[in-house]
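Down below are the structures I want you to see.
You will see chain A twice below: alongside chain B first, and alongside chain C after that.
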Partner chain A sequence: MTDVLQQILGAAVAVAVALLAAVAYFWVSNWLLDKTFGTAADTGTGSARNDAIRGHIRPWLFMFPALLFLSIYLVYPVIETVRLSLLDNASVGFVGLDNYIWAIGDDGFQRSVFNNIMWLIIVPSLSTGFGLVIAVLADRLWWGQIAKSLVFMPMAISFVGASVIWKFVYDFRSEGSEQIGALNAIVTGLGLPPQAWITLPVWNSIFLMVILIWIQTGFAMVILSAALRGIPEETLEAARIDGANDVRIFFDIMIPQIWGTIVVVWTTITIVVLKVFDIIFAMTNGQWDTEVLANLMFKWMFVNFDYGRGSAIAVVIMLSVLPIMIWNIRRANAEEGTR
Partner chain B sequence: MRKLMMAGISASILTAVAASGASAQDLIFPKGEGAFSWDALEEFAAAHQGMEGQSLSIWGPWREGGDQEQFVTVLAYFEDATGIDVQYGSSENYEQQAQIDAAAGSPANITILPQPGLLADMASKGYLVPLGDDMRQFVSEAHAAGDSLVSLGTYDDPDGNATFYAVPYKSDLKSLVWYSPDNFADAGYEVPTTLEELFALQDQMVADGNTPWCIGLGSGGATGWPATDWMEDLMLRTHSPEDYDAWVSNDLKFNDPKIIEVMELFGSIAKNDEMVAGGAAAVGTTDFRESPLGLFSVPAECYMHHQASFIPSFFPEGTELGVDADFFYFPAYEGKDLGKPVLGAGTLATITKDSEAARAFIEFLGNPISNEIWMAQSGFLSTLKAANTETYGNETLKGEGEILLQATTFRFDASDLMPAAVGQGSFWSGMVDFVGGASAEEVANDIQNSWDAIR
Partner chain C sequence: MTDVADTRVEARPQSGIPEFLSRINTGKLLTHAALLFLVILWTFPTAGLLISSLRDKDQLAVSGWWTALTTATVQEVTRLGTAEDQIEENGQFVIRGNLFGEGDNKTLQNFGLTANTLAEASPGDSLEMRDGGAITVEASGDFAWVSDTEFTHTRGPRVFYIAAIPPRFTLENYAEVLSANGVGRSFINSLTVTIPATIIPILMAAFAAYALAWMRFPFRGLIVALVVGLLVVPLQMSLIPLLRMYNGIANVFGAEDGKTYLGIWLAHTAFGLPLAIYLLRNYMAGLPKEVMESARMDGASHFKIFTTMVLPLSFPALASFSIFQFLWVWNDLLVAMVFLGAQEDKLVLTGKLVSLLGSRGNNWEILTSGAFITIVVPLIVFFSLQRYFVRGLLAGSVKGG
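== the complex of A and B ==
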């Protein structure tokens, strides 16, 4: 118990010190800047020039800590990963593109790519779809807010936590013994034999996707719900006066107006899906053909300790996330711009 | 200044996480009482004077809620004898952490790991400190099947020279068959002492309308591993230890007829509906923790269960070992001259950052006291001949310890020795495919292919 207290105390102190340090940095650097390139009150000369210099330097000064940490924790690791991916397992000899060529021919890699594509198609579409439907329908119910809170709640659960919960849903006990898994309890209750759900290839991947959909639907719902609120009431009224029914309004009036938001939600979930690791790691560790790229990378990196192949897979993941990410940011910027 | 302060804070947080282990604590067994080798401890203390105030960091697999409590009680005697301050740490993924710490140049003084394969990898990268000829000599003489243990701790250094790096500490015994003495007595079965008798017994059971075995391979992401223990035990009983070693190093290919023969021998049990509870289909999906429960159901779902020494933790509550459940040594063929092979696993201690205190600790692990203190508690088997078997906490441990001491051949769990991509990957999943219906040739080829893909 004292250990926990000590940790909490340590963390609180660290946060406070970091905050103070950050404030001190901005204040002191700003003061120094003003001091160095201040407008000299006595002469009045060169003040315009100094103003211009200050204007040029200040943004860099303020961005410097962020740039520094981004370089250390983001840019440098990316460069290092690319470098490692061109070296052998112990990062000693240069092997060129061998690691990538190996990956293309490797069964495990191919299966992971296939599974990732399945995840990419199914999870973002269903999460966004469910999120949208719930956002629209919940607004019409008196208990809509409660429903929305419940749907949003899984967002607060970590992926590993969610996996543990769903392990109990999919748990399997041999036929005849009492089923503690919710799904098998239902199945045996209906008089059917219990199934070891997470060992049935293809279906098991879908059972794992359900976990992520369960988590991400809340995210999609909240963002889309906000977007729906932003739709001008007049357009809906005009449609109603013109005699459009609810389905027609939904597809022809609402969707086109929030299309930009739908796309952003979709791509955001897509990026989450490309990086999905925790669920696979906790549920199957890639067995029974459920392997995905991120877990495969972890295995080669930290189980097999082949830094070359692990890094090559990491680079593949990064390259596949990159275009979606750039597009997503552009899209988000454009959204901002129109407002 | 700010940097210093931050460093200080993060360091204090780190120590709070890692060092929640050994601190000044009472000795669990008072010195001078019981069957413990107190003289050996005194000798050790006398030989290691003047080390007060030195510190020693240890990284190992035993975590809180697991075996950490017991290990810490052992450390207390080391601290008491030498005055060295020991910091013990572990984490959920301690294997990765050990490797990463070594790669980052900040390893603990002592690293203890249960995978010789991983240690071999670390040795080849130059992360381990050679223990020297004297220590090798000591291990070979002081331990049962000492030469097997020496080769277990000998790996190639970065230049490819075989060097002794690791000493054994704490063993698990795998060559055990668990059964219910009551059920055996009721059905009139005798404990088999040879593999021929065991096979005759299982046929007898089938003829009587009983099911001989409970086998469950389920273990979440590690599903399949119990079958690798079966394979290894059968391998040691059908082929020579040299073949076993060649299999581990892949000099004997995984799809060699010898291996396929062993796999089919396992298949003759696991893939035979009459031999296993629930039929062959249940083998791959039954959780290994649930599997032994069949021994205790009424009527018995099965009569025998092959599993390592840890399995009683998963027996039904209130099961009294020696009465409700007991074990026998998984016997060897009488007709083959392969001695009494024992399959085991265990942890090995290495020096990852040299110091006087680290050397003293490695010596301490060869002192009977370091073994006996844990033996007297739970779940610890010792190969050290000087460790007094009278100190074992119960009869079951003592019986297991004796099997270990009588072993003529000791071999380490092969899957832990193989490269991780095989031993913790394709071997596991291959065995699941095998009991699921794939042929031995198919599975053996797949596993060999995955081995060829490693470099």
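== the complex of A and C ==
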């Protein structure tokens, strides 16, 4: 019991220290800056020069702690991982591209790439599709808000929690005994034999994808719903007067109008999919042909302790995220330009 | 997402059909049905978990959660007592007991002496026994095996029966999972990780965001681009170098490994910073320019403007980020496993749940109640602060989880 109390106390102290340290840093560094390069009132001459110096230094004072953390925890590791991927399993000897060449020939890696591609095709498209359909339907009904809240709810649930929820849905009891998993209950209700869904190659990957689709649809729905609200009412009204039916309006007006948002939603979910780890780790740990890159990387890192191969797989994940990253940066820069 | 009222005007067909009939048009009905179907599909798995976690564990193991309100029947067998258990009453020899054992609220429906004849007798009936005498079983499971001669058997005969279990809801599963399975400890661990990791990045990010939004300096565009880029960098890229670094530091201090709460707080802080800076910068940049500039004219320093004006005004964005960070850290598995490890006393809830999936994979009473404990805090945060969550989502939708 005492160690629990100690732990809670430790957390409380950490919060207090962190806040105090941050306040002290910003306050003291600003005070020092103003003191060193005083304002016109203090020094009289050279004040314009001092103003300029302060203007140059202050932004960096403001950004220093954040940049320090980003450098240590994100920028440096990215470079270091690339370096480690060129070293051997103990990170000592240089092996060139051997780890990558190994990966290309490795069954587990090939399987993972294939599965990741399947995930990339299926999950973003179905999440976005369902999200769009639910957004459109919900906006037309009085109880749409409640419906949206319920569909959105899985967003708050951890991947592991969601895995347990769905593992229960997929639960399998041998034929003849009563099925407590919903899916097998439906299947046996239709007179078909029950299946151990999680161990059924190819299909099992799809059952795992369902979990992520279930989580991400809420995200797509919220973003797309906001975009749909942004369509000018006159545009829709004009189409109605022209005699367009709801289906035509959906495909010919709504979708083109919110196309930009659909792309953003799609790419965001794509990035989630590329990093998906928890679901596979909790459900199958890559067994029965469900392996994906993130889980494979974890295995090489923490089960086999081969940092070279683990790093090489991480770099592959990074490379697959790279096009979207560049596209995001360009988009952000374009927005910056219009401000 | 609630504020905009539905102002759409619907043209009503003018026809001879009565008003109420024309209002029920098939299109609208189809919309209702389709949405209802989707909503049920989306809520049904979570409902199953919640209901199951509250069910009696014996019932949970034999029937689907959708039958939770109906009475289930089980076929069971009990071995009766031996000659040693007999007592003498009024010149007769009797063996008494209860087929169900103590404290079970089953109801007997039928019983018999072999597996094939278990429906032979009803409660209150008597059956002749091979070891002599006859047995009478009541609906409560109480039985009396009465014989005129003394019992001599050394092995109790078996009684087969069908019993009804009335629906029963209980919090026992929660009590068990919280104490016996260590989920209570993991809950505290999760809080220990999450709260500092949510609070520490806020101030740091806010200062940086202010500089990026309202100060003019060289390389500003480059740093914004860096932050946007780092938003989507896979965590996998950070794990190995950081783990090596932590272990290196631990070696210097003579510790056995680098798995500490301090380590995971700082890691989560850094991993949350890109989103924090991005969200806050976008929000701060949207604050009215005139107000900021007039404050500058009046001689207020950047530091003063930030602390007295920008920080209070940015409350909604700070709230959005805090919710994101809280949910993300609470729900995280990967970072916790790498930087805190899989030791029993350091497992956070997600890690605990994974270990239960491995060790108690068929004990659904443990898994469902354990899972519900891990998701209840995020659900409360989510439903009470949904406004801020949605706002943050709309502002930061380039972030990739």
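Operating definition for what follows: the second predicted complex is superposed on the first by the 309 of 339 C-alpha atoms of A that agree within 3 Å, B and C clash if a C-alpha of one lies under 4 Å from a C-alpha of the other, contacts with A are read in each partner's own complex, and residues count from 1 in each chain.
The definition used in the following text is that a contact is a pair of C-beta atoms (placed from the backbone, for glycine too) under 8 Å apart; a residue touches a chain by one contact, two chains touch by 3 or more.
Note that the coordinates shown come from a computational prediction; the quantities given were computed from them, not determined experimentally.
Enquirer: So if we stack both complexes on chain A, do chain B and chain C clash, or do they fit?
Expert: Overlaying the two structures gives a clash between chain B and chain C.
Enquirer: Go through the superposed model and pick first if A:G286 touches only chain B, second if only chain C, both, or neither.
Expert: Touch partner of A:G286: chain B, not chain C.
Enquirer: Is A:T268 touching the first partner chain B, the second partner chain C, both, or neither of them?
Expert: A:T268 contacts chain C only, not chain B.
Enquirer: Quick one: classify A:F62 as touching chain B (first), chain C (second), both or neither.
Expert: second
Enquirer: Between chain B and chain C, whom does A:A11 touch in the aligned arrangement: first, second, both, or neither?
Expert: both
Enquirer: Which partner does A:S225 contact after superposing on A: first (chain B), second (chain C), both, neither?
Expert: second
Enquirer: If we overlay the two complexes on their shared chain A, which of chain B and chain C does A:A52 touch? Say first, second, both or neither.
Expert: So A:A52 meets neither chain B nor chain C here.
Enquirer: Report the partner of chain A that touches more of its residues: chain B or chain C.
Expert: Ranking chain B and chain C by residues of chain A touched puts C first.
Enquirer: Considering only touches as defined above, state whether A:D106 meets chain B (first), chain C (second), both or neither.
Expert: A:D106 sits against chain B, while chain C stays out of touch.
Enquirer: For A:V303, decide between first (touching chain B), second (touching chain C), both and neither.
Expert: Touch status of A:V303: first partner only.
Enquirer: Which of the stretches 253-261, 307-315, 361-369 or 379-387 of chain C runs into chain B once the two complexes are superposed on chain A?
Expert: 253-261
Enquirer: On chain A, which stretch or stretches are contacted by chain B in one complex as well as by chain C in the other?
Expert: Residues 3, 7, 10-11, 14, 18, 281-282, 302 of chain A touch both chain B and chain C.
Enquirer: Would you tell me which residues of chain A are touching chain C in their complex?
Expert: My answer: residues 3-4, 7-8, 10-11, 14-15, 18-19, 22-23, 26-27, 30, 34, 55-56, 58-60, 62-63, 65-67, 69-70, 72-78, 80-81, 84, 91, 130, 133-134, 137-141, 144-145, 147-161, 163-169, 171, 178-182, 185, 214, 217, 219, 222-223, 225-226, 229, 233, 236, 240, 246, 264-265, 268, 270-272, 274-275, 277-278, 281-282, 294, 297-298, 301-302, 307, 310-311, 313-315, 317-318, 321, 324-325, 328-329, 331-333, 336, 339.
Enquirer: Please output the residues of chain C touching chain A within their complex, sorted ascending.
Expert: Going by the criterion above, the answer is residues 1-2, 4, 6-8, 11, 27-28, 31-32, 34-35, 38-39, 42-46, 48-49, 52, 60-66, 185, 188-189, 191-192, 195-196, 199-200, 203-205, 207-208, 210-212, 215-217, 220-221, 223-242, 244, 261-262, 265-267, 269-271, 273-274, 277, 285, 301-303, 306, 327, 330-334, 337-338, 345, 350, 353-354, 357, 364, 367-368, 370-371, 374-375, 378-379, 381-383, 386, 390, 393-394, 397-401.
Enquirer: In the complex, go through chain A and note every residue touching chain B.
Expert: Per the touch definition, chain A meets chain B at residues 3, 6-7, 10-11, 13-14, 17-18, 21, 88-90, 102, 106, 172-177, 196, 199, 281-288, 299, 302-306.
Enquirer: What residues on chain B touch chain A, complex-wise?
Expert: Spelled out, the residues of chain B in touch with chain A are 2, 5-6, 9-10, 12-13, 16-17, 20, 93, 96, 99-100, 121, 124-125, 218, 220-224, 278, 282, 284-287, 290, 419-421, 424-425, 428-429, 432, 453-455.
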